[in-house]
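Two complexes are shown next, each including chain A; its partner changes from chain B in the first to chain C in the second.
And then the complex of A and B:
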């Protein structure tokens, strides 16, 4: 009889929906039905058993084709690439569990690598602003139960976090928000009239790239000063109206997205958003939250901060001294300066999501992809090592966008023989230790004077 | 009449891109979801085109052929949108303002109708082609 598994965590976006119900076939090999997931989450589960999966590591041959090799051979190859590289970059981790991230960090430290995650091209700006200005945030549960004014700025959850609005922000009925949508005021600020804007009570079409100016106008009004007739394409009356709504909220939350992080100003846009949140707390309770993209992209920030004190862009090339300096130790900047001599693409697809100029630079050196799926990165790699899909075939801890850890479970077994990210990195680490020991032994023999027995 | 216009480009997620990406980046769904540019009516007219025709989009660091679409999520004149993914990243400038984050949104591009015979390239052709690994359709 098919088995129905309840309370399954979804491995797609930072909302980390944990109410999925997955039905698997009698033999536990096929996913038959997925309930409660959005269109994207649904696709992830069905893709796991309906598509042709890669079951063995594949090594690029001189004629450009791939040849299947064993995991032992692949682990030896990967360890040797790391061992021989002067400045390898291990990047990705948006779609794996915290256990895999911790194991990868061990490898990064042993190899003297740069360790970076997708926040580097995503919410890295937010982390910089949070360092500078703090983070008056809350959990998604508090938003659901308390918030009566929601502001989405440069974020489009209708497309990028499809169940965010129904689970936490706009529609749910919480403890103090029993009337759900009716009791909330929704404000959307975006240069595009997005599908999220369609459900807003108030929509402000900000001129693209002028978010900082508009935040500044909001702060100026909140502090009781005059502003010009129009700022960033928005009329003064509209700004006054929105600030009044914000000041009179019982509990408000600003959710912001890539519209602020990816454009001119970067971290400064977030910095002023945090300052506005702080200003509003003179009147009532306001909070702010980054709309983190992947289901566990908050994970490496948590895990590596705990291990090394820094959330991303970690330079471990001095091994026991960690150092972080975005612009210098960030993946794209390192790539464009030609400083990287080996690239590990882990649980992400830099081939599709890095600007192509950076891909060209990185591909001048060995490129290894560790990912369950065929993607653009795997199709330009020297070596592709398949792993199990976290949340579907591999359990583990993930961090939701509000930094709350959630235990994910597996619903089926991975394809026979396919291992997890964690096991793979543990085995690469072991192989690195062996290579180091082999070299140390050779060195010892070489430096021992002839005729004198080597000491133990 | 072939016109060339300068626009401000942004690239962000679309749900069609999200679903297609999880299905696979070599699928027709991913191709159709991502190899498009959304424009305002006025800009489509300024190009002398109608929706579903092809254009070449060129930035400071690259160029790509995509299909013109009148987006459901409307833009104002002068603003253009390509969903995040392989086609957008052919033209995204890698400059980061020393933060690590490329200029995915808010960079100038020129848009012009394609010369006759030009076509949209597949994701694999673009990425493998860029690094000298494209061996033609297999």
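And then the complex of A and C:
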């Protein structure tokens, strides 16, 4: 009898749908059906059992080919790389669980590494704004139950977060929003007329790169001051109309995406978005939320904040104090400056996402990829260590885009012998401790052989 | 396994009425035993030193989502290097320490049990992840109920049994410890940007008053017979003139008597009372009303309190009192984080600087000390800073020093810019009382353990209890002239035994014995209506599935469960 597993969390995007129902074959080896997921989510599950999976670590040979090695050998290799490197970088973590992130931090701390996550190249600018200005936000259920005005800015959930609008923002019927879509006003601000813009009641086609100006106009109007005829390509009447809607909302939420935090202005765009949210709370209730991409990219921000106080760009190389200074301690900048002498690509694909110059610099030194799948990073690595897929083969806690922890399940076993990120990092940690102990013993032998130093 | 004898210390154990007697304490296999039960013990020489049970913190924000917002959004809280010897893990943060630092710092002060003051139920997996990463100290965490839709609906109709069944379910779902109430009704109102400013101000839509919520939860708590009482953060925190609202809240406990098997004698714990004991009607004529509030507490023995002492540091305020943090942001114009949590609660976080140059801050400082020094029963009055709201917990030794030494208070007051006005607005200058070590043991061990209903295990030194023992280099017969020496001795204990393991020596952490998660499992009769309500609310209003809401067993770290059976 095939087995139906309910309440399964989807390991793809930051919407973190936890209502999937997965049917697994009799022998527990094959995924037969996935219900409730969007097309992308569906694909993740089928890919897990339908595609050819890497089952053993693979080490690059002198002739350029990969040779399979045991996990023990791979762990020893990885530990030695870390042990010998002056400034190793452990980067990624968009797609694994928090247990793996905590274990990786332990390794990074022991090795004196740089520890960074994908926020470094996506919502890092949001984090900078949050450091300066705070973050008046809420959980997604609040939006569903209360919000009567929804504003998407520089985000296109119709494509990037397929079930966001139906689960949380536009369509669901909540406690105070029993009429669903009918009880809400939808505003979309984007230079492109996206599929999300199609469902909007009001669409503002902001001039590319002028988001800051438009926010500024909103704030100016909200505070009762004059604005010019046109700002950022939007007519004054339209701006006045939108501000009126915002001020008269019972509960509003601004959802923003990479279109805001990665265009001209970057963290300043987010900063002023937060300021607008603050201002609007003098009139009524407003909240703001970043549309985080991967299902657990919020996770490393959380885990490393409670462990070190910083969400990303952590320099642990000083051993007794963690240091964060994006620009100085951020992955790409470090790589471009040639400061990194060993690279761990974990649960992401830096091969595809990093600028080519950064990849070239990193390739001059050992590059180890830890990921369930074959990706660009795994194909240019010196060592590829496969791990189980979180949410499919490995359970664990993930943080949704609104920082709500969601407990993910496993629906099938990983391919035989394949271990989790957490176990892998725990074992690398053990091996690092052994290497340290071996060296300490050698040091002792050396010093006793050389006799007592003169000054004693 | 191991045997230890702590020899010749001055022992303070209010639970047994031991007042500094010179005696030996015996430890075997992690428990305290009769000295006669030992055969070949190792000895620890405690002569000339003070021996107490490990410290108990009844109210501290150390783990969970809002604490982590405080860490995440304040990189400036980390711009210094820990001066202490490196432990197993790096230690970061001042007002909001990393989990590792929190565990180590509590241990260095001789503390072993910390009750997390507010757990948003939806975020319980987060709370438990942080508990796992907080070394050494045992943790409990209190889920918040005072703005929970289930609670509001049941109590509106005075359905105590249903509310009790729901409460039991939520304690289990979150692996929680007690009923926490924060700004009852006001935080739900904050969902619309509003507040409930006094106990009779009805909650929008739910048509119930804070007073009804508080009384209903007290009834629920005693119906269930939980180890701890209702733990209340009153309405209208932090505002001039709020002492009347506080008295109105405390009066709601009148007529209720504790029903439990855990030795608890109160039905209401009023937390960080300092923030709730203000007179005046503006910041201009802001003044202390601590004497009025503590007089009431003195004469009503079904109430316990913790003080919430202002430490005069730069810190990070964080509370489920969402409207208050919004209000604070307008006062100091610093950055503001807020998270409203569906159906349950909210949380706000704002940095704050308590400066000796600001009159309101120095009056607040005096209010906390007045509460403690005017208290007639220190078994019901506990040390806290509402960490990190009024200051970080690492200042407990300083707070205790203020309580023990008029000279220490005077030295601090000398630094006040508005000394005269502070003296005029408070009674602090007229108080000469200096507490002794027995009274400090009441306020930091015996009292909180009893109020939490865990005094059979924690907070004392009787045979059978956990061998959690702190030794301080303080000789009660020859206390240091210089109050700073007291602070130093309490900051870095001479020795801490956790479960019989020597964990701290001369203020240095030596090892990390396994810590525990303490939670309360209540058995209640089957209740089909409540089950149905839970099912429906999750189906329609929550954003996570019911099947994923309760903490999975695998995320509960080293549990110690306290069982309560109401079906007998």
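Definition applied: the second predicted complex is superposed on the first by the 448 of 456 C-alpha atoms of A that agree within 3 Å, B and C clash if a C-alpha of one lies under 4 Å from a C-alpha of the other, contacts with A are read in each partner's own complex, and residues count from 1 in each chain.
Criterion: a contact is a pair of C-beta atoms (placed from the backbone, for glycine too) under 8 Å apart; a residue touches a chain by one contact, two chains touch by 3 or more.
Since the structure is predicted, the reported quantities are computational estimates derived from the model, not experimental observations.
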Original post:
Between chain B (first) and chain C (second), which, if any, makes contact with A:192: first, second, both or neither?
Top reply: first
Subject >> Partner chain(s) touched by A:261 [first = chain B, second = chain C, both, neither] >> reply: first
**OP:** Could you say whether A:284 touches chain B, chain C, both of them, or neither, answering first, second, both or neither?
**Re:** second
**OP:** Based on the superposed arrangement, let me know which partner A:39 touches: chain B (first), chain C (second), both, or neither?
**Re:** first
**OP:** Figure out whether A:140 sits in contact with chain B (first) or chain C (second), or with both, or with neither.
**Re:** second
**OP:** Quick one: classify A:91 as touching chain B (first), chain C (second), both or neither.
**Re:** neither
Subject >> Those residues of chain A which chain B touches in one complex and chain C touches in the other >> reply: none
Subject >> Residues of chain A defined as touching chain B within the complex >> reply: 12, 39-40, 43-44, 47, 51, 64, 116, 120-122, 124-125, 128, 156, 158-160, 162, 191-195, 197, 205, 208-209, 258-259, 261-264, 266-267, 312-313, 326-327, 330-333, 335-336, 349, 351-360, 363, 373-376, 379-380
Original post:
Mind pulling up the chain B residues that touch chain A in the complex?
Top reply: 8, 10-15, 18-19, 21-26, 61-62, 71-76, 79, 81, 84-86, 89-90, 92-94, 96-106, 123-124, 126-128, 130-131, 133, 135
**OP:** Give every residue of chain C touching chain A within the complex, in rising order.
**Re:** 63, 65, 67-69, 71-75, 77-78, 81-82, 86, 89-90, 92-93, 96, 98-100, 122-123, 125-126, 129-130, 133, 149, 190-193, 205, 326, 329, 335-343, 346, 349-350, 540-548, 551-552, 554-555
Original post:
Where on chain A is chain C touching in the complex?
Top reply: 6-7, 9, 18-19, 98, 102, 109, 127, 130-142, 144-146, 167-168, 173-176, 250-251, 278, 281, 283-285, 287, 301-303, 305-311, 316, 319-322, 324, 395, 397, 399, 402-407
